[in-house]
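What follows is a pair of complexes built around chain A, which joins chain B in one and chain C in the other.
So, the complex of A and B:
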């Protein structure tokens, strides 16, 4: 650096200052060196993430043209009009036409059942691979992440193919005399939609569960055994509490996208009686009812804000710990 | 003495189900069966769908013999199209690849710079922007897609619908992956290499380019692979921001074709997409494994790759 050109006394001073900074920050960098790197990303997020969110607000509380019924965004918060928002929020709680309440209730029921089933199915799998994977752990993990590499739509298409009237599921069930005739799985059946949700999102549940269970040290389980607990008791008293965080994290990871899902129900049923919140937003958007779509998006974000913040906080504290 | 000799064979030969259940050292047969059942359930349908892309007939659920007609065939029964004979499907293929390349080329450098900046800059803005980035990570894709649709329609009208909007939307949605992966790597590298380089007289930019960046290559590569594969499969954002029919991607075609007129050509399209993603991931895995080995790490490449996802 240019230090060498300075007089001796100044050089010493500069070196001392640098040392202080080094102690403080690890390595010495000019003041704006690192912020400079973050600026393009910050600008990008500001224009294409923060501003779009503001646009959702501007349209939700925007001005509805009485003639064309088109919503014009209002960017100044002091001119915001809440009548359209109140009307749509009323539909969500069951007042007004069309009634949105069934869609919201249905979505909550579907997501609750699907995420619960995801835990029930994923836990034993993650537990087995983490505890008993042994030498084959790499192979098991490879197979567990394989669904990630297959597009979600293709997996839905594959699962749907099996459920057609002459598909393999019906063939097997009829041949085993469980059903006397093929069951129309794809004709607006809630159970099919929930099965599609489980099938689609379960890989996202298994990985955090695996990571959480893999962290539990074997010695804790042995200690529990040595103190006289049997397998079941060890599981309930040691393994389960230690994996609670991973279960909740996995639940959040699968429920957040499920709430914004419209394609699973569209591919698995396509009928009105299985539509979810996402389908409502998508339908409104496709029919140019931007005001309704914006309001529903806003309501969805408000509903999801607590799980999202929880997840962000827990992952933040996790990175701080490691 | 006699009780011991009597008890020993009893324990090994006549084990009831209760004793078996209580034995802490028994093999986890039930768990193993559950795991394999799950794996079969998650993978077999996909394999069957791939199989039916080679079906010699229109059906997607009953096997009529092997053929590649849904990939390259012409003059198919009933005026149906194969993937390569259908200009629309071919266009969807190029559009998908185009978007994936553009997004990867922009999102990864942007994310790399962002990760470096956020990780090293200890100002107040750092935490806020990190939070905004993570927020974009957990936000449902539909919300981001609709919000971007609004902003392009109402405020940033100079961006035409179609490829431009789709690419900008995809980059916004994908930028968090490189940031998260590279930041995790930065944390595990620590500061000591840079400090050593700078103590030996390297300028900040030199230490960044010649010390830190090479150490980050595996993370950069892993995130590029992930972003690319994710873009190929993306559906919600490309659909929300799609413009003319030339901007339809494979996933949009799969979605619209699935319920209207499904032929095995869609299975073939999905299979092509699958092969594309798998080969990208496979190349990524090989490179990742090689660079991990070069560092002399003992950890399994697959495992570290999986964890980095």
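So, the complex of A and C:
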């Protein structure tokens, strides 16, 4: 019979006995002994996440000083003015001017395509390094991390130059007769922005995928082969399911910053028809409308909580299973 | 690079002012200290600023000059004459790349002080940082006229002791402070001195035939555009579809749309019908010409990304430094109205109230108003100074008869990029708006940005 099924008095007694036994073995710790190790983490979260997040609320529901034009955060929730928030939220669902709905839809489409392509491209790379890297794994890893050494902004600027009408990309494509004339890559083309997102964020996908694939035991793959599965079936039935958590982790790592990204579309296009949610936030900041920008940040955070919860649920169920 | 831009260069590449780092800085700067938080707990904070709002309902205009009362705004900070310069370090608060480093170096050498420059990216960014941070600066450069009133009313500026600034009366155009009853936005120059002058017009390429990146012959523009009464039409011309850019600035672009329709429009109008008509005109440009909005006029045009571009005159003087190595360096011209009034502006320098070197700050203002120093500065940033000795704009144009060889860097084809004092009389200026009017403009601009 487990301890929980005993009568209450007996349960208490059993706990006392267990405590005495653990003390004798030197393995008993006070109730808050282990949780208190989380204090630095909690303090970190409080200072660097909860307080700034509250500041976003205070700015969202704050007001603009008419003289200095500076947005003044209102820290007392009982003074919060929700008028602007409601107006912006209305625009997001297409009930206001200007209509923000196309920007939200576009962002979700861009991010979905870019994230999917990141997986498609990064998976074989990570698989190769994990399975066939051998003694050169370190070298390959270093090469994978190399793009991190260069600033994201710099990499985008470099692509901006390569993709100009008289840039090398067009010159090569025209010389190879793939294009009859230079393609205006930088004139508000979705393909350019999505490609920029893929290029910019793919290293963040490769690393978690590599870490996940490298942890898969070789013996599991051999067992699959021994049981008659061919290479493809082994990959589909063993490798892919075991790397699911790595894929999800990679997706979370790349999608979250992509949703807030505005500099990729600014540098690779700059046109209204490729603007993302981040661009709206940036525009509002440019127009000294910090409150509206903070409202959009808040709405974006709420939307992003959904995939985060899915990720947590997925991770928890995976942990429970193993 | 124009002050409103706040752009920067990395390895020679211009980065749009949409610099995400400064965004976080602005937001962070909006967070007050804990003491302010506690102090504000007692009543609804938004009601505390109503008095401030009332002061903005009488913005300065040419026909409504404003004299700020020194006694009401930091009068106790007015310096006694004859004090010695402090030892520094001297702190300048400025836009990115808006002062010639050589001019700064010369000041350091002449006065034996170290000069530090801290940059801001928008005027609101500057005001936010000045009102919410402990850091002190001695002078602010490039203070735009539409913010002078706010800065004075917020008690951020120190009244000027003119005995330290003899160059103001001696060297500066009367209308911008050389005369004691000027300028209209700060009569008597109680708080500001002028820094640079500029106009807003249209830049256009005049390539003679197809090259790697110009697919059409634009040479005809060299003759036809100067004859145009309304050069703003260039920006709405479908011929330049995909190559027409305008300034990513809500005042500049909306005003261009207004002036295109009616050159006599007040660029500070509060009429919703006029503002909305300008908005619709810009939306039309986006839909028919594919207009792109940016502040990279000095790069996009020489690199061929734009054939026509709403432009600041000072940026076009600098355009010569941004042509590709293989390109001719005389492919761009500037249209500015010759008959109708055009948009003209000037920026100022002021001494900040919390600076630690107020005497040195006055000395610096005088130094910047010196003819040679002002012209040396022009050589680098392209924005001309309002100096009386510049009796003709061609004195700053290469090869002109009356050119001053050491300062004449303006290409001959862009001689109209140097404003004259008469342009201020004929031209119109974008000035401070009442808060509710400013909101109308921003609402219109938001629609343009989301089209």
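Rule of thumb we're sticking to: the second predicted complex is superposed on the first by the 243 of 322 C-alpha atoms of A that agree within 3 Å, B and C clash if a C-alpha of one lies under 4 Å from a C-alpha of the other, contacts with A are read in each partner's own complex, and residues count from 1 in each chain.
Keep in mind that, in the parts below, a contact is a pair of C-beta atoms (placed from the backbone, for glycine too) under 8 Å apart; a residue touches a chain by one contact, two chains touch by 3 or more.
This is a predicted model, so every value here is computed, not measured.
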{"item": "Touching partner for A:270 - first (chain B), second (chain C), both, neither", "value": "both"}
{"item": "Which of chain B and chain C A:120 touches, first, second, both or neither", "value": "neither"}
{"item": "Contacts of A:236 with chain B and chain C, given as first, second, both or neither", "value": "neither"}
{"item": "First (chain B), second (chain C), both or neither touched by A:223", "value": "neither"}
{"item": "Which superposed partner A:41 touches (first chain B, second chain C, both, neither)", "value": "first"}
{"item": "Chain B versus chain C as contact partner of A:74, first or second or both or neither", "value": "second"}
{"item": "Touched partner set for A:153, first chain B, second chain C, both or neither", "value": "both"}
{"item": "First, second, both or neither for A:262, with chain B first and chain C second", "value": "both"}
{"item": "Touch count on chain A, higher of chain B and chain C", "value": "B"}
{"item": "Interface residues of chain A shared between complexes with chain B and chain C", "value": "55, 58-59, 73, 153-154, 157, 161, 164, 166, 262-263, 266-267, 270, 281-282, 285, 290, 293-294"}
{"item": "Partner chain A, residues of chain C touching it in the complex", "value": "10-11, 13, 15-18, 20, 23, 26-27, 30-32, 37, 40-41, 44-46, 49, 52-53, 55-56, 122, 124, 127-128, 131-132, 150, 153-154, 212-213, 242, 248, 250, 286, 290, 292-294, 303-305, 435, 442, 445-447, 449-451"}
{"item": "Touch list for chain B against partner chain A, complex", "value": "22, 24, 28, 31-32, 34-35, 38-39, 41-43, 45-46, 48-49, 52, 59-62, 110-111, 113-114, 116-123, 125-126, 129, 131-136, 138-144, 146-151, 153-156, 168-169, 171-172, 175, 179, 183-184, 187, 191, 194-195, 198, 203-204, 207, 229, 232-233, 235-236, 240, 251, 254-255, 258-259, 266-267, 270, 273-274, 277-278, 281, 300, 302-303, 306-307, 309"}
{"item": "Touching residues (chain side chain A, partner chain B) in the complex", "value": "1, 22, 25-30, 33-42, 44-45, 47-53, 55-56, 58-59, 73, 121-122, 124-125, 127-129, 131-132, 137-138, 140-155, 157-162, 164, 166-168, 199, 202-203, 207, 211, 225, 230-231, 252, 256-257, 259-263, 266-267, 270, 278, 281-282, 285, 290, 293-294, 297, 300-301, 304, 308, 311-312, 315-316, 319, 322"}
{"item": "Chain A - residues contacting chain C, complex", "value": "55, 58-59, 62-63, 65-76, 79, 81, 97-100, 103, 153-154, 157, 161, 164-166, 184, 186-188, 262-263, 266-267, 270-272, 275, 280-290, 293-294"}
